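In the two complexes below, subunit A is the common chain; its partner is subunit B in one and subunit C in the other.
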Partner chain A sequence: MKRYLKLVNFEFNRFFKLYLVLIGITFVAQMSGVIVESKSYHNQANEIMQEDLLTQSEYVQQYGPMSFLNISESIWFLGTIALCAVTLIIYVFFIWYRDWVGKNNFSYRLFMLPSVRLNIYLAKATTILLFVLGLIALQLLLLPFENQVFKWIVPEVFRTDLSVLEITNLYYLNLLIPKNILEFILFYGAGMTAVMIVFTAILFERSYRLKGIFYGIVYCGVSILIFLAPLLLQASLLENYFYPMELLFLEIAACVLVLAGAIWIGNMLIKNKVRV
Partner chain B sequence: MKRYWKIVLLSIITLVVIGSFYIQASLAAKDTLQLELEKISGNEDELKGLTIHGDYGTGNLTKNFVHEVNGETILLNNRSVIEELTTDINSHIMKKLIEEHRNFMRGKDLFPDYFFENESLVVYAGVKRDYKFNSIDFSFDIDVLDKKSNEIKSIPLDLPDTETYGWYDVVDVEVVDGQIILLTRSSLVNGGEEVNEYTFDLENQKLLSTEKLISTIRTDNSWTELSVIHDSSIDPEKYILFKTSTLKDVEKDGYFVQEVTGNEVQVYNIETKQLKKIDFPDELVDAIDLSTIIDSTLYVSSRVDSGLELSQYDLEKDEWGEKKAVDLPKYKNGYESMYTNLMNGKIYTAYLTDEGYELYIGDLRTGKSLYEGKIKVSNTSSKTDELYIHLIE
Partner chain C sequence: MIEVKNVAKKFGRKKVLKGVSFTAEKGQITCLIGINGVGKTTLLKAIMGLTPFDSGEILINGEKIHPGTYEKITFIPDTITMLPNMKIREAFTFMADFYNSWNAERAGELLKFFRLNEDDRISDLSKGNAAKVNLILGLALDVDYVLMDEPFSGIDIFSREQIADVFTSHLIEDRGVIITTHEINDIEHLIDKAVLLDNGVILKEFDTEEIRENEGKSVIDVMREVFQA
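On to the complex of A and B.
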């Protein structure tokens, strides 16, 4: 256990500086987004009101009020979220390959550590999970501040106020932040399963190199097929035999099966086959 | 421990932020919109089992809700993704059938029109559609559940000439004297519609006969619109109504407009297999969608300035009876200001007054009021609100 925690801490610190940069960019970009979008709405409103001689309430009637949705749908928000997502997806690969590249072959030292090698695999997965959840927490922390800044800039007549909860319910954000904790666990559980499938595929490549790429792709295909099996059967052979709730449980079971498969195969590869 | 401060700090912050967000979310979920009914007169027992569907607008956000009277108001937009997939808001009838015959109901299309239930049987008749490159292969999917023995019998039947049909659907299933009767509605590829009747022998699961009840045609500038009107219940029904309106493209001041050139209302007696024309006054034709048949009397409800008017027609004697007025003195006439439904021998109407929505329940046979009450929304923080009711079941 202690070895595992040490490994997690080690992996965490290796990415921490870049992670802080990511947090910084998100903070600055989103805050500027709030200010720019709010100001431009307000300025545009003032301009049109002067040109067309409208009162504030007439303007709102004709052009509609502004809500936080205008901001959270803007490139400022979508961009930062996409940036964080892409960075972490790249890091899912880089967290392994960085051990093999560079002057001194670090993987050699890592695999020589006197602990179960599976710990390395699990520590890397834990690190990715921590970073992902950290960014979700950051978004949840930023939203109330951003909402407040928005309220300061745009006068009340022009606004439709939304609570943080309502903001997270809207549009794409409800995929990142689902409405209840159970769903949160299911979503991120499925996400982590996907990460572990990629990990195991990477280990295939690291074990068998060129041939391993092929093995890895086949392995991913099989995993996805098992995961989707209940849905595919339901749509084809079984003709909607299962009720929705039953299907959900079957999907969870399929996901657990795939996850267990990923860890088991990953363990075999890292223990016996991986090449330094 | 000192070496770990960064990771410990991040973990704690993450846990606290996400944790408190979901605690807040679960608390907020409890205290949302709540619909309440305040009695003005009548008997509150009339409200039992009633469900009200509607929209509630605040500012530029519209919330879609389902309210079970004397129970919870569920905001449909507030459900999570999984809840949306797993909690079906099917009609009461379908829910009850699933609860009682869970295995039989597997893989069925859950439309009341496809089902029939009496003391001893549940019959399902759906249409299977096999999508081909430029046509659809239609076939019947008929299952009969014997309630006592729990035995399920299936009657497979491919429909002939399916390439001539653009669409094929079952509109009603009945069981009369050991025969299953299916009424189907289909549209033809080259225009026009048909209503067909299929009779099956329940004992031997064999097709006995098919009969074309109604067929409409389409010409270059005129066509016929067909409506099939019957209660969406799964209980035995004796009558079904068909309305056919002929429309024509007419040139008026250089524009083409559609004009109704004729209406015909027919009633089909499923037991005696008799199709009869009803002499329908023009002003009631549009109201026919809001009608119901009790015993052998057809009730049609139409909107008038002072509320509603109930017309009744005796299907055996072929004559119109006396009209009854449902006076709703506070009714504010306007766009989408009233929703009416006739079911269970009663009339249910939710209508807008100057002080908000009111609900009226009356007996169709006697025309007497059974319940009147105000529909109120509580638990809302909004200043500007709009309520709109679009279904009572």
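On to the complex of A and C.
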């Protein structure tokens, strides 16, 4: 356990500088987005009111008020969230391959550590989870602040105010920031299962090289099929046979099965098959 | 004792090791000799559990390799095994964090011996100094066996002399060493046992002292006989 925690700390520190840059970009871009979008709406409103000789309330009636929804749908928000997501997806691969590729072969050191090799696998997965949760926490911290800045710039008459809770219920933010513990377990459980499937597929490649790419793809396909099996059965053979709650529990069971399979196969590969 | 019993390994269709067997004792320096590509590095990696083998058995002190074994045996490959952005001091801290067998005092002693600075960044080191850091990372562990892969490869004569000096020092005493090299001149007088490997097969295994005393031949003489035949 001690060595596992040390490995998590080590893996976390390896990406930390880049992670800080990511946090910085997110903060600057989203704050800029709030300011630019709010000012742009406000300026546009003033221009139109002057040209068409409208009062503030007439403008709002004709053109509609501004809400935080307008900002959250802008490229400033969607772009940073996409950037963070893509960076972390790339890092899911890079977290393994960086140890093999390059002049310094750190995989030798990792695989000669006097601890069970599964710790390496679990430490890398934990690091990814921590990075994801860290970015979500950042978003949760930024939202009230951004909402306040929006309120400072756009006068009340032009605004439809949303609480942070209402903002997080917007369509895509709802996926990132679940409403309750069950959704949290479902979304992040499925996400971590996907990460583990990719990890195990990478270990197939690291074990069997060219052939391993094929094994990895087949393994991913089978895992996805098992994961989707309850939904596929419900939609095809057993038309609406399960109640929604039954289907939910079957999905959770399938997810646990796929996750356990990924860890078990990953352990077998990292212990007995991986080549350094 | 390290026992390698009938170990075979294929990469694709190519048989790299074809039933290799030999033993290496604690307190002895065993040298695996052969030209490039005959399976020396694969053999060391197989002993360390870094490359799975197809058949045969490898035992270290009578046991198959397990996580705890890495406190008793270490491998010094011909490439640096630490992150390039680390300072030497940080690499030492990493080792101290993970290995109970890490001997900080010995690491300091070796650092002085090689005249290196612990604030040097690994990526800034010359090839010779990087090889020395690699050696320190292996030798500062209180282990029974040290496996070294081509420690003299591509480094200058002075660094080679320094590394060769380590073999006659107390740093190696009582340990079992397996070393691979095709530059035998530097350590010919130091090795206790030579294993001549070619094309995945052991051609000859002999006690260097016996050959010297009984037949009046050097290791290089035997190599010439065996490899040219």
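Here are some notes:
The rule is short, and it goes like this: the second predicted complex is superposed on the first by the 276 of 276 C-alpha atoms of A that agree within 3 Å, B and C clash if a C-alpha of one lies under 4 Å from a C-alpha of the other, contacts with A are read in each partner's own complex, and residues count from 1 in each chain.
Throughout what follows, a contact is a pair of C-beta atoms (placed from the backbone, for glycine too) under 8 Å apart; a residue touches a chain by one contact, two chains touch by 3 or more.
Since this is a predicted model, take the numbers as computed values, not measurements.
For the composite obtained by superposing both complexes on subunit A, the positions of subunit B and subunit C are free of clash and fit together. Touch criterion not met for A:Phe249: it reaches neither subunit B nor subunit C. In the superposition on chain A, A:Pro65 makes contact with subunit B only, while subunit C stays out of contact range. Legend: residue contacts after superposition of the two complexes on their common chain; A:Phe184 is shown touching subunit B, with no touch to subunit C. In the superposition on chain A, contact is made by A:Phe111 with subunit C only, not with subunit B. Once the two complexes are overlaid on the shared chain, A:Trp100 sits clear of subunit B and of subunit C alike. In the superposed model, A:Ala137 makes contact with subunit B only, not with subunit C. More subunit A residues lie in contact with B than with the other chain of the pair subunit B and subunit C. Angle at the C-alpha centre of subunit A formed with the centres of subunit B and subunit C, after superposition on chain A: 150°, rounded to the nearest 10. Once you line the two complexes up on chain A, you'll see the smallest CA to CA distance from subunit B to subunit C is 10 Å. Of all residues in subunit C, those touching subunit A in their complex are 45, 48-52, 67-71, 74-75, 77, 79-84, 94, 97-101, 122-123.
Of all residues in subunit A, those touching subunit B in their complex are 5, 8-9, 12-13, 16, 64-65, 67, 130, 133-134, 136-137, 140-141, 160, 163-166, 169, 174-175, 177-184, 186, 238-245, 248. Across the complex, subunit B meets subunit A through its residues 3-4, 6-7, 10-11, 13-14, 17-18, 21-22, 24-26, 28-29, 59-61, 77-83, 85-86, 88, 98, 102, 106-108. Across the interface of their complex, subunit C is touched by residues 3, 6, 10, 14, 102-106, 108-109, 111-117, 272-273, 275-276 of subunit A.
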